[in-house]
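Working notes, beginning with the structure itself.
Chain naming follows the written order as A, B, C and D, and within any one chain the residues start at number 1.
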């Protein structure tokens, strides 16, 4: 096990460990992966292992062809979906998948999460998109790879940095970011805004989405050249 | 107390202890039991005892005729229901009963839990079934035994391994599995998918159930000869 | 401070301490009291004190005329309501008041909690009743005493042991029991069945209440001469 | 750093620390500030810093013109809103902003929180108001300052002590009080009454608001010359 892999495994491990700490995990559902672009590898949670039993060593290192390069356990059954996303979205450093309760409710209903407020606009440049339903052929053949394909299809012409999450129809959310830690943060945000949107719909079933100028203001407060939220700029 | 019983009690104890840890217990409602098929015995929670006060020694060992074989406490009042299930479902190793909040809401409403997504399909080969309402005669005579009977009646022609849970109408869920630990996991799943289904119905009141091919794919990923989820197969 | 009072204060203290442990407390709302019928006294939470700061010594001992007999703090502003209930319901040993979230939602809506399942029937012989709204005169004069009066009025012809809780209209629940510890347990039950009933109504807006024979069976499993739940009878 | 600032920083720090303890924080949203009227300064959370990493020293001290007087970090991006409120509401000692789930759902829906019960009336002399939507010009120029302006506009002719919170349309709640600790308490109350109101609306969609005399009774039990709740008056 190279020290390079150890660092990558640790990054993946810490992201996986943070998922249940943030209340995003039901049972053993969900997984996080971190990529090393230079090495052409990513580290991912092993399949069906309890979150409480994870260690950096238990992470599985996989290459971009899907071959296990390092690790004693079978990788997450969702590994081909992660791999597909790393291949298509060149700038992302990590992928997170959860079955968090409210985001999954939207995914099951096949509805995008409508953008009703600034909490949402701080993370997304519009509604959280949902994929089309998969065809019987897609489901019966390379199911997890095809799951990645319908996500990539949904993002044709869309910058994944503007919409760092998707709801897979009938399934659950996937999120991503410049790092896997950022993908975890987005996974927390998706669950949070899904719950808020659901409650807002109970209060106002025909609620229109947020005004364009307010969306632009909040998204740009946190993203891009003019961002002024946080501590990244000198004061 | 034979060492055989001690092992069985411990198994039942650990399952009961895990129920409140998983947020499934309201008040003292609920109970878990583990069976020893060779000995013709099962161990079950004592009646009305706080979960915090349970020990392996406090579990009550009962035979298949319902006689207490070992133990200083009265067994759960639901013991005849457990016994009925062990007699009818020959392959199960444990039974769990809870009044978990969302699953009980479906049971009270007399509605099966509709299958809207892959979280559900990973555990069940369709909706979680609900029993018919019990007759006054069934209620007034051997109530808890008859509760088992209406479950068994509901499962005529159904493999309990395909549907490892039931909602007793007006009452609450019962779950089972190859081991009582597995029955606890299913009890967690039932509560989780009940909440997700309820939220999905709020978002899409007329939501059709999951496509058959997606149900088959997910159920078979985890069950049967072609399963490839988890670590049970060599990598 | 007599040792008699110390015991009574301790009983009241433990009940008050258990309210936030059971998730029943929002802010400093709520209070519990324990009665000593022989001495004609009850001990109750001091007004507006944080639950985390309570001690047995901080409980306030009050007589049946409402006079503070022991204690350095002002008693709960709801003391006259507790006193009214102790005077009217001769067999109760404790009273609990909370603003628990779901029960309060029913109280605000002026709706009794409908009895939809066996969880409810294990504690109540029917729906949890709600008081009529109070008149301007009742509100403007001895408000907290009159709150007790509308509860007592609602229970004309009803045995408070059959219905150990009430929702005060626009306000929140009060519960009672043979001991204040039992009243705490009922307060947990009321919040639990309120949430379950609300969720069941979302699933089935016109859901009829539980069948009479099932209600009778469950209520009598736990109450009265034929009770067989728990460990109170020899096995 | 003067010792005066240290005290002020500590006050602001403790309020910020208490926000996640009370379940009011999603991600890093939210911030609390404490004012020192004599010094013409207030201390506020630094922007985008994890609540777990806060210390008294990390608080940023700002004057009434918005200039950073003390501190190594950038102040919260919402600082101009706090500043606007301190300038307009002369008697408040602290401001709190959260994105707490249920209150934010009302803000997103643009609906005031209706006053349905005594829990609400203990803190507010009526519904929790909501601001008008902001104009494109207000959003595109000095957005956070203009956010303060629409709050102040909404409170024309209203005593902020009678309504110690507002919902900013499409955004989330701001609260205030005589001290920042009190503003935290109000932030807890706003989330609590938002959830209760939402649940009451599910039970009774056309529920009228609380009767005027009951509102007056509860608000005055806790506020003003005739208050008799808590321990502030001699017994």
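What we mean here is this: a residue touches a chain if its C-beta (ideal position, glycine included) is under 8 Å from a C-beta of that chain, and two chains touch if they have at least 3 such contacts.
Per UniProt, the chains are A, B, C, D = L-ribulose-5-phosphate 4-epimerase.
Since we're looking at a predicted model, the values are computed, not measured.
Trainee: On C-alpha atoms only, rotate subunit B onto subunit C and read off the angle in steps of 5 degrees.
Mentor: Answer in degrees: 90, to the nearest 5.
Trainee: Call it same or different for subunit C and subunit D: same when shared residue numbers make up over half of all numbers used at their interface.
Mentor: different
Trainee: Just the number, please: Cα centre separation of subunit A and subunit D in whole Å.
Mentor: Computed value for the inter-centroid distance: 33 Å.
Trainee: Roughly how far is subunit A from subunit C, going centre to centre by Cα mean, in whole Å?
Mentor: 46
Trainee: Residues of subunit D that touch two or more other chains: which are they?
Mentor: Within subunit D, residues 202 contact more than one other chain.
Trainee: In the complex formed with subunit D, which residues of subunit C make contact?
Mentor: Per the stated touch rule, the residues are 26-27, 29, 46-49, 68, 72-74, 77, 99, 101-102, 104-111, 133-134, 136, 139-140, 143, 170-172, 198, 201-202.
Trainee: Using the touch definition up top, name the residues of subunit D that touch subunit C in the complex.
Mentor: Against subunit C, the touching part of subunit D is residues 116-119, 122, 185, 188-189, 192, 195-197, 199-200, 202-204, 207, 210-211, 213-214, 217, 221, 228-231, 233, 235.
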